[in-house]
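Think of it as A, B and C in the order they're written, each chain with its own count starting at 1.
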Amino acid sequence: MTTALELHPDRLLPADGPTRALARQLYATVADLPIISPHGHTDPAWFASNDLFQDATALLLRPDHYLFRMLYSQGVQLEDLGIGGSGADPRRSWRILAQNYHLFRGTPSRMWLDWVFAEVFGMKVRLSDETADLYYDTITDALATEAFRPRTLFERFNIDVIATTESPVDTLEHHNTIRQSGWSGRVITAYRPDPVIDPEFEGFRDNLDRLAGLTDEDCHTWSGYLAAHRQRRAFFAQMGATSTDHGHPTARTADLPVDEARALFSRVLADEVSPQDAELFRAQMLTEMAAMSLDDGLVMQIHPGSYRNHNRELFARLGRDKGADIPVRTEYVTALQPLLARFGNERDLSIILFTLDESTYARELAPLAGHYPCLKLGPAWWFHDSPEGMRRFRRMTTETAGFYNTVGFNDDTRAFLSIPARHDVARRIDCGFLAELVMEHRIEDWEAAELATALSYDLAKKAYRL
Amino acid sequence: MTTALELHPDRLLPADGPTRALARQLYATVADLPIISPHGHTDPAWFASNDLFQDATALLLRPDHYLFRMLYSQGVQLEDLGIGGSGADPRRSWRILAQNYHLFRGTPSRMWLDWVFAEVFGMKVRLSDETADLYYDTITDALATEAFRPRTLFERFNIDVIATTESPVDTLEHHNTIRQSGWSGRVITAYRPDPVIDPEFEGFRDNLDRLAGLTDEDCHTWSGYLAAHRQRRAFFAQMGATSTDHGHPTARTADLPVDEARALFSRVLADEVSPQDAELFRAQMLTEMAAMSLDDGLVMQIHPGSYRNHNRELFARLGRDKGADIPVRTEYVTALQPLLARFGNERDLSIILFTLDESTYARELAPLAGHYPCLKLGPAWWFHDSPEGMRRFRRMTTETAGFYNTVGFNDDTRAFLSIPARHDVARRIDCGFLAELVMEHRIEDWEAAELATALSYDLAKKAYRL
Amino acid sequence: MTTALELHPDRLLPADGPTRALARQLYATVADLPIISPHGHTDPAWFASNDLFQDATALLLRPDHYLFRMLYSQGVQLEDLGIGGSGADPRRSWRILAQNYHLFRGTPSRMWLDWVFAEVFGMKVRLSDETADLYYDTITDALATEAFRPRTLFERFNIDVIATTESPVDTLEHHNTIRQSGWSGRVITAYRPDPVIDPEFEGFRDNLDRLAGLTDEDCHTWSGYLAAHRQRRAFFAQMGATSTDHGHPTARTADLPVDEARALFSRVLADEVSPQDAELFRAQMLTEMAAMSLDDGLVMQIHPGSYRNHNRELFARLGRDKGADIPVRTEYVTALQPLLARFGNERDLSIILFTLDESTYARELAPLAGHYPCLKLGPAWWFHDSPEGMRRFRRMTTETAGFYNTVGFNDDTRAFLSIPARHDVARRIDCGFLAELVMEHRIEDWEAAELATALSYDLAKKAYRL
């Protein structure tokens, strides 16, 4: 069955008539605001080389673990999608997606993809078994044209600034190329030091060696290691970074006396590191990073609570980021206490907290952000970056933290083409939420209008110092 | 005050006008679909003997811990309801229910009962102090008639198939009687081995002896014990079972080397079993059961997280299932890791996860089911089998797991007469949810229609291999 | 920009037209019911002396940690608000609030304050930078008039009864003054023994000495200590108390043999008390308090789960109650087991449970209260005493616990002027919830009307034995 693909102008707005009308008005004022994308995972090489993208499958399916995780959960083999360099025929992989597109009903992936299909590629019919080849050909053909080069899309998407995420041992050559190119697009980096901070990260000790090589610091001494961080942070800042990012298993922090920290560092350099030491070292390093942020002004992001690579067999076979990262219960109040005891009252420090554990929104995160000057709340993240997830975020944080302790939207994606769709979803949901507050006479209409702009643009710009 | 009892045709549909109209349309397409009841606790003896039910109290009040728990919480004595064989006058017990019927306002029990009163018994006025005797007499009189025999009700309720739940040491004589009777109703069993798996279950060692007696296996050796399970599972499958069910305190699994498993089994046979060993044994047995399911194709259900018999005094006096089972926080991600590390990627294995801890829906269960091929999500369970509970289930699982990693509805009840009411509630709530998605243009109307049928009928049939 | 301040008559009622109309009808029947305030923190000295309040800042800003915590989170210095006796100019502090009033958009503080501004002080324009002085002067001038004396406001607010909260070592002189004064206002106390029960409370041992002094009991022996409690409870009851209140870090209870309890008491009297002993002592004392409640009939309230004084630096500088109390995950099922094993089935005991951890509403609290005769659920508390918080409370507790295991509303505030606003919010939200149930045909309209009165007035009166 071939059916029309049309994006309804009122999509995601509340169903109730008068509330929808008000939400529509609010949305109209923010729909065309430029995009601030302060945290994400696009590849800077795209913007450096400005090379054409490949085919539909290579661009839209293979890198998107939201898509292949769902297909995998329903019995599709990842190898048939070309995951892990299997050499599967890309058209055949695309057909598998098309045949199974009903699996995504009710998911944000479906909304993002439909937006990309309709708005970026001009598709007029829905993706289905019957239209799989039409889609594959149309998209692949379009990708071969000048209008679909990365920089052109960047401009078409009205992106003010986008941040990528790099390891301290990244040379940032692509960012350098972009800056030297004369192109006006603002693509900046962010400092993500997990590979040299987490003793359980693959290749941790090799990474330290590379860090030493890049900095000429002795990364086997505590002071040299910290100095290397400082040096790389400064270099990242010079390449545009305004933030750091920390993806630890928990939110635990520590504030050890320097001699204990030094001894701990020695232990994590050893062949065998205990899980306790690994956890304590990550905890200590969050506090060290906060200390450096207070000096260099980089905004700190903490993204805790994902059990990475939960599917061991798949990890062994295909590596990281294969859709098998599962959220776990996450505790913040006790975990953050050591860091906050030292820096919590610093008004010049800015730490943005994220969570995959929604039970902490109202219980822990909103009360913490509604008190400590250094804390703000990042938007609904990952599995919760969805219409219902965003609504829960607003409903559970606003009454205690207000709007101004939040930081606007992050798309947090490597799916470049979906970035406008994701920001659009956030703007629609936020306008719907604001419209509900007005309808219940909890705020005035003119306040909702101010807030719509703040949530869509201003707060992200300010919070990330962009 | 006597007031009319009328079931409104739009009950449980969303209040918003256009959304309700759409939900009503969707519901009309599924309202009369047959009932698939793949998991529950009706008594197979009813369908074997086809004997008449007794009076209103014996059928509707005494077996329903949803009812007497609420009455007890407000000061009613269980003995006055005839719980625990007290010999209370059933009419007097019924009057107590009637006098306190206001306690159930806003609860699903109230909706289920009103459906039974109106649809099964044709009552036209509400249950109250004034109408207590009218109800008691009308219901008790009706129960004495042919039209209210179990098999007749089964057919009237349009039940395609119903599963009961039995222990491995059950002889399944009632199921055998049903199969030999020539009656066309499909009543199957399910394998619930807690009494011979949980070392803390009442009579655990006696149960093992009975298992040995039934199978001629030496249930005091690890290999004999496993062989006995295999034999009973095969017998249950022969008697129609397509599933097993596991009601452990936690979701913990283990995958011990065989010699450690053997040693553990020896320890749990001893007079005194430590809580740690009991827990580890249950954990190991979930993995053993998964291994057997991979062989014999029985779908595995895990129902963890209930603190059974929390009220010790009541348990000592009146025994199990007296409304004092209380949900506890339940962890899945680490708990299931050992089982999933061994079998997670098996596409022929099917494990249905349930929870009493709604905080795991979006955080743990939907991400797990949205990745592992062997996992599916059971519907909102027990305390959450209610309009609000079902809505939370859909809102918190759909965006990550989609609809197709869920398995339709379970009534999970021993209250036979309420089964159609329970399925009706689920269909109404699901149609309302789908209508909301359409109204927000997150899915198309024709997709909602497909999904309504899937959620009401198809998914249960497929997931339970019926 | 100066904009009008008008409280919309339909505020907080559901947006949907017919649902709102019904909610409005229900609300009309309860809007003017007297206020029962069975738990709160107003100062009895106000009603004893009946002195005029000071200026706007002293009355409305400085005591309200909801307000200054939010300002602090956004960089305002507490000293500039006159917190901690800094001697800041009150008018200047008020201007800071006015300039930052947008921070409260979407918070309950904003709704409560606007009600106070409009209803108590007759303001016609919104608080803003431009109107800061107008507000300060109007409010401060009004406070100097007879109409704004505490007793006059009490009567104007239509308060039937208000409970304050005092320590066992409080002499209750203000309550005595009130009772002797001939004034008809009913101001009662409540017994809050944390200062003499929690070994980690500031000045615990001094407090014991004061308790000994007041009672002539030897508070260094277990029996003397318990006798002192009994004596003070009797005195509190004589001064009108009908309840006790317990603000422990967790809900843990214990039921030790008397010799172990005695030995534990000896240990907590020592110079150094281990955290384990402190926790166990608090746990034991909850059970002791329950035993005394069974004797003297005082209703017991348990308010667990706040990590007090999380901001250590601020606590050292400015003391308790500075907006840095953060909720933590709280467990009830195992924690309450010892107390419930001893007293759970007592129908004459009444224990009201509160939580800051909403994940326990449906999972633990509603099932517990829906079974144990001695348990009831307190309303949405503290951070959750808000429109969204109250809705979550009803949605997550009603289906399992019903309405009649809840106890109406608590304002729980020291912000006297906001008390009617807080009760009004609760009444509106409850009427909206009831209207939704009627619209979905889950209850009848006449039941909703009964319930509206019960939730607004009757249940509080009954539950607190007022």
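In this text, contacts are C-beta pairs under 8 Å (C-beta built on N, C-alpha and C of every residue); 3 or more make two chains touch, one makes a residue touch a chain.
Protein identities per chain, from UniProt: A, B, C = Uronate isomerase.
All figures in this text were calculated on a predicted structure; none of them were measured in a lab.
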item	value
Turn needed to bring subunit A onto subunit C - CA fit, degrees, nearest 5	120
Same or different contact residues where subunit C meets its copy subunit B, judged by the half mark	different
CA centroid of subunit B to CA centroid of subunit C, Å	40
Per-residue overlap in subunit C, given as positions that touch at least 2 other chains	14, 16, 359
Contact footprint of subunit A on subunit C as seen in their complex	3, 7-8, 10-17, 69-70, 72-75, 102-108, 110-111, 307, 310-314, 323-329, 356-359, 383-384, 386-389
Complex contact set, residues of subunit C against subunit B	14, 16, 18-19, 331, 333-334, 337, 340-341, 344-345, 347, 359, 362-364, 366-373, 375, 395-396, 398-405, 436-437, 439-444, 446-447, 450-451
